[in-house]
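Below is a structure I'd like to ask you about.
Order as written gives the chain letters A, B, C and D; numbering starts at 1 within each chain.
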Amino acid sequence: MSAVVLSRDFDPALLQHHARELATAGRFLHGQGWVPATSGNFSARLSADYAAITASGRHKGRLTEQDIMVVDRAGRALDSARRPSAETLLHTTLYCRYPEVGAVLHTHSVNATLLSRRCGSELRLEGYELLKAFRGVETHDTCVIVPVFDNDQDIPRLAAQVEHYLDGHDEVPGYLIRGHGLYTWGRDVTEALRHLEAFEFLFQCELHQARG
Amino acid sequence: MSAVVLSRDFDPALLQHHARELATAGRFLHGQGWVPATSGNFSARLSADYAAITASGRHKGRLTEQDIMVVDRAGRALDSARRPSAETLLHTTLYCRYPEVGAVLHTHSVNATLLSRRCGSELRLEGYELLKAFRGVETHDTCVIVPVFDNDQDIPRLAAQVEHYLDGHDEVPGYLIRGHGLYTWGRDVTEALRHLEAFEFLFQCELHQARG
Amino acid sequence: MSAVVLSRDFDPALLQHHARELATAGRFLHGQGWVPATSGNFSARLSADYAAITASGRHKGRLTEQDIMVVDRAGRALDSARRPSAETLLHTTLYCRYPEVGAVLHTHSVNATLLSRRCGSELRLEGYELLKAFRGVETHDTCVIVPVFDNDQDIPRLAAQVEHYLDGHDEVPGYLIRGHGLYTWGRDVTEALRHLEAFEFLFQCELHQARG
Amino acid sequence: MSAVVLSRDFDPALLQHHARELATAGRFLHGQGWVPATSGNFSARLSADYAAITASGRHKGRLTEQDIMVVDRAGRALDSARRPSAETLLHTTLYCRYPEVGAVLHTHSVNATLLSRRCGSELRLEGYELLKAFRGVETHDTCVIVPVFDNDQDIPRLAAQVEHYLDGHDEVPGYLIRGHGLYTWGRDVTEALRHLEAFEFLFQCELHQARG
């Protein structure tokens, strides 16, 4: 089995583990209404070179191990039987940039959609105790900035925009795509989920406050 | 058994399969609050000539196989033991018009009700990534138009209005009846559910935006 | 066993049946958020003279058969081990008035509370397809009037106000108590639940519309 | 076994009982969205001197017995394997002050967060039937005052502020920390949960009313 591991550069047992974790996450996230229809996509790192990611067009509340596939750093599928999510490059870009990132979650909530449509190029989150749910934040008395990118069906172009922003700014726990959704990440699926729960809570607060 | 199939023009196993699919869909949809009380009705195509449809007055969150019955193209019941939904003709009209349609879902959400009461004869959905959940939509940079018909207890008259609209316009993924609810459809129950989840998401977005 | 039935005027098996029905209803209604904390109370008719009702102070999402007790037409408990709900008289008044009523549900939703605090002595529900969920309503093109009574801790006085209103008006499917909640009923628990789901849907619509 | 109980001043079986109660409460509260990410913390009294409390950073929807630890009156952990919640002192202060308090729940709902950010140093809850869910309240025709403290990462300082307020005022069923969340308590976990459900209901009402 180690031969297989070496040649493919990841442990097949880890793939199975992540597939189950992502399926469990999917049931929770669909139950929250954050991945309606077949929207959203989830991934988890397998090694320096590979990640497990949801195949295109699958319903995230009903994922099975067969819905999870392997892609390389450039987002290319290892097998041709299934097509990876169209936005795979947005995942692998994060794995290449941040060695400590172990999982990336992309969701489409109503609140993320509405908020991203009404704010400019950045969303500022300030004064909430729940900001402490983000890695490295130790007090509510701070400001977490979330960049907002215009939506684009040209994923390499969108990925380049994200890269350009991240090159020039302090680390962020996630970003929004306007009228589309949220990308967030963490050291593992559990941390990425914690960030996601925190974001959705804060988006709901911001949206209600904006309404007065 | 094939003799039965031929004479009735559909496979009884398909009826059972659809009955289970619609019952599962009903539990999900009632859990979402989209078919309150005994509202809504669901159907799935059995053949060129027949469809399975929910019987009148059943609670959609607690459907059993006994709550699903067979109707012909004109919406007439094959057996007289149960009464088909009063709006059966709105289902069969779609099966007659679109050979590729395999399932029709009619729901009554708060958001569909509110939105249909405040908008004119059409609802325009623009700029949302989730529009791509509709069959044939490949970009968020588009406009999906949803016709809104005034409510009418005269179902043949309402069906004729729908037909008239569909004759004169590009294909739509669904329509609203004012103060009443949504009709959407797909090649199968899974696709119709995907359209429904997308519609409900977009209705919620539109309603919140309208409120400012 | 028939001797017991005659002397107590109801079938003990019916009491057990209703206890289970009300417990099942309670889990659903608490899950909807309509009976928060230990609020709300539910009953079902056992005979001309007796009804089963939830004991005082029980959590409606966790009812067991031991939480259901028997009261007479005046709302007096048959046994002294448990105290019936403080509002028992509002239930038994309905059983005395309407021989066809088999179940009464009283709930405390946020929407019922908010709406009853902002409207006058009547709430008018018009033009909704879902009005047809109420017994006897055949078209959306109608107006269902829901009386709203001021809250009062003196239950006999409140019951008398309700009686006075019902004496002077057409039949209604339920009534609101201001800042408190809804009473609705039906021929059986299933019909009362259908009325309740319809009311909650309509309350949510009305509240959103009032907000503009 | 009694020797162990005496030396540690609490019954280990009670610790296990409370651990299970708090885990069950956590699943319910996370399902409601009131303890997003790893926010919130829960405790239950073990004796005059000790309390069981959630360890720091645990997800409240997935608590196991291993996530519950023992602290003394000053909030110090009995074992060094796990770190108690950073806010432990806010719990133990209540146990020291009120001998009849058996459980304390701290939650972070969107509504508590929003409401605490928009109100001054007190929130006034008036005229709701659900006020009767609070221990000692017998009528809707009253006013329950909820103090609102500014958030502070210095927990001893925040605890002193709370103590100072409680010294100078009538008993309250809970308090808010601005942009942070709610503390509520009761004789046991069941009563604390009843208070929590009532608070969340009332916060939602107040927030909607403030919006007009």
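The rule is short, and it goes like this: contacts are C-beta pairs under 8 Å (C-beta built on N, C-alpha and C of every residue); 3 or more make two chains touch, one makes a residue touch a chain.
This one's a predicted model, so the numbers in the text were calculated from it and none came from an experiment.
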Task: Just send me the rotation angle from a CA overlay of subunit C on subunit D, rounded to the nearest 5 degrees.
output: 90
Query: Hey, how far is the Cα centre of subunit A from the one of subunit D, in Å?
result: 33
Task: For subunit A and subunit C, let me know how many angstrom lie between their CA-based centres, rounded off.
output: 46
Statement: In subunit C, the residues touching two or more other chains are 211
Query: Drawing the touching chains as a network, do you get a line, a ring, a star, a complete graph or other?
result: ring
- prompt: Can you name the residues of subunit D that touch subunit C in the complex?
  reply: 127-130, 133, 138-141, 190, 194-195, 197-198, 200-201, 204-205, 208-209, 211-212
- line: So, in the complex, the side of subunit A touching subunit B is made of residues 33, 36-39, 59, 108, 110, 113-114, 117, 151, 153, 177, 179-181, 207, 211
